[in-house]
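Encoded as structure tokens, the structure appears first; notes follow it.
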Amino acid sequence: MKNIKQALIIAQLTIEENIRKKILYILLFLSFALIAFSASFTSFDLGAQVTIMKDISLSGIALFGIVLTLSLFLNVIPKEIETKTIYPFITQPITRGTYITGKYIGLMSIIAVNLLILGLELMVVMKIYSDNWNVMIINSIILNILQCGIIGGLMLLFSLFTSYPLTLSITLFLYILGGVSTPYIQYLQGRLPKVLLDFVVFIKLIIPKFDCFNIKDAVVHMNALPQGYFAWATIYGLAYVIITVMIATILFEKKDL
Amino acid sequence: MEFVIEAENLSKTYKTEGKKILALDNLNLKIEKGQIFGFIGPNGAGKTTSIKLFLGLIHPTSGTVKVLGKPAGSPEAMEKIGYLSEIAYYYKFLEAKNLLRYYASLKSLSKEEADKRIDLNLKLVGLYDRRNEKLKGYSKGMLQRFGIALALLGNPELLILDEPTSGLDPIGRKEVKDIIKRLRSKGISIFLSSHNLSEVERLCDSIGIINKGKMISNKKISEFLSYDKNVYTMTIQDKEDKIAKLFKEKNIKIEQTENLHLKTTLPSNDIPEIFKLVSDNGGVVVNTIPGYGDLEEIFFELVAPKEDKEDKKDKDKKDKEDKKDKEDKKDKEDKKDKEDKKDKEDKKDKENKKDKEDKKDKEDKKDKEDKKKKKNKKVKAKEN
Amino acid sequence: MFFSKYIKIMFITLVLIFISINIPIVYAQDNTTEVQKESIESTDKSKTTETSKEETEEDESDENDSEHKHEHSHVNTDLTGENAEFGREEHHHDHEHDECEYFHKAWREPGTIDIMKKYSLILFSLFGIIVIYRLISKRN
């Protein structure tokens, strides 16, 4: 209980620190503008316009989430270690795990709130144009948040023992690898050496399948998701978030500051 | 006996760019509860590494360390430790009081208790009036005071202070020293790392000297300085050679410091007599302090390596010779000036004398001529 | 020393970029096999039991489909309100090499939920094991 309270305090402080970053507002403004801009496609009939709006907006929101995650998580811990602002915290009666969890919760809160604001904006636009709230947009946003959570967790993990460019490269690589679907992979199967194949198979088995969190076309075309899909995707996402933060905690405990 | 810090065979090796650097080599240290322990050493000796190990910021390569009976870095140990870092590492975007509130909540203090302690600590360090200002606007000294307020927040049993008076003006330094003394009287143990040897000497009960990762000395202050209240050390400057000669005649033991002043140790009763002797012979007493020697000298003796000592000896010899040459040169010049002056005076006297003689001759000649004229006149008058 | 470190980083980054562009994953084969298995099972079911017209149509389409299929849905503008999200018309296409096939969305694949269940179980179990291990080592 004490640890949770301490983690929330660290989260609150992290939010206060990061909410002053200008990139947050620039990206938010750009995404707002994109959604508003997509509503200006009046050359199509209403049905097509709504589809295009949803497609562009949801893509924009997903991209915004990923860019924001990458920019916030890239040097959250290394910067604190470099500037030594971590010392007054680590010399308090808190565990390193509590500290890193608090940091994670704080940053994810910022990302979640931003994505939800954009989701709400899109829903309002949908209500105006199609007289329909399109509640499934929220489902898509929640899965986007989980996707960002996994990316953030991976960035946090890799930033503890690699430099900034390598952290970014590895995370992006894993994101792309996790998002690529099976037919393409099957197509390339015979075209690369077996050693490389085996290596990538191993990685593909471990890393999350990011394409599970992408239900954009279901929302755009208003298809029903398979029963239980959303619930299991949420649990799946949370499982990966928890395990990446746990591994990051273990590595951080062993790190010299 | 209770110990606040217990380090056994504590070692730390850093690996950088493929090289291994032994920062700390088998440190064995036990610090008793309730005392102020001074930790001194040259730059790169291992002081900061030791402090980081005590706080759990880094992990030892070998050996163990316990703080307040608990493993170093554990939340249980950190609950009762206050730490002041050498350089201020705080979030600058928050106000002092707000930031202290966050740290207080991490220490599981209730809101009322936290506010009470925060106000008390800020008043103690003189920042109460600026509690609602952001740390961005604080000077270095103010940040240092803020750090002290933070270190005292959780009513610590052990305070680890790394250069507590760094960046403070003389008034601030005195205030911090007074705070440290007050804390010691409350039974709080203090681990003080400082480059200011006089401060360490005055405040600490025990001192540990570390050099190149090894603890080279760890004693009580009285043992260090062979402290004897009835014995004093006097430092003298000016006319050192003359005074040294005099002291030798009186069988008073004397030695020369590195800055070529004289130092002697004498019982308190002899001080007035020696003081008079020095001042009568043109010397100046720089200071008179109790005990043998001072920490600075002992520190240099222990820390300076042998090669440096020899270089120092040669340097001292050279300085002596240079000084002697200078004095000889000065004496020669004085002598020459005197001689020149004397010659000038003689010359002047001679000239004056010559002028006088010339004048006298002239007068005599004139008198003679006048007399001759008179005589001629008389003769002419008679002939007529 | 710096030069070799820089080269190491460059090399790793290049390998990662290369892999990410040309990703061959055998997992794909396993997943496809699962899909095929399910389709075979459902075909068997239709042989042994009497099915409704819809099920027969589905089975026939499964039997005939030896290649990977798409489901494209259209917006049902007849329905309004919340029902609109759940209304759909199914439209089957056979494509050999559709571009979007390479970025096929996982939610359409029938095996995805099972995979998510499996992985969630593994990950939460792993989490539990780590927590228990840390608690035990802390006590010791």
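In order of appearance the chains are A, B and C, and numbering begins at 1 in each one.
Note that in this section a contact is a pair of C-beta atoms (placed from the backbone, for glycine too) under 8 Å apart; a residue touches a chain by one contact, two chains touch by 3 or more.
Please read all numbers here as calculations on a predicted model, not as lab measurements.
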Most centrally placed chain, judged by C-alpha centres: A
Pair joined by the larger number of C-beta contacts - A-C, A-B: A-C
Inter-centroid spacing, chain C versus chain B (mean Cα positions, whole Å): 74
Distance between chain centroids, defined by C-alpha means - chain A, chain C (Å): 20
Cα-centroid distance, chain A relative to chain B, in whole angstrom: 58
Chain C contact footprint on chain A (complex, rising order): 47, 50-51, 131-132, 134-136, 163, 165-166, 169-170, 172-173, 176-177, 179-189, 191-192, 196-198, 200-201, 204-205, 208-209, 211-212, 214-218, 221-226, 228-229, 232-233, 235-236, 239-240, 242-243, 246, 250
Chain A to chain B touching residues, read off their complex: 2, 5-6, 9-10, 12-13, 16-17, 20, 83-95, 254, 256-257
Residues of chain B defined as touching chain A within the complex: 52, 55-59, 73, 75-76, 78-79, 81, 83, 85, 87, 89-91, 93-94, 102-103, 105-108, 150, 154
Touching residues (chain side chain C, partner chain A) in the complex: 9, 12-13, 16-17, 19-20, 22-29, 31-32, 68, 71-77, 80-82, 84-88, 101-107, 109-110, 112-113, 115-117, 119-120, 123-124, 126-127, 130
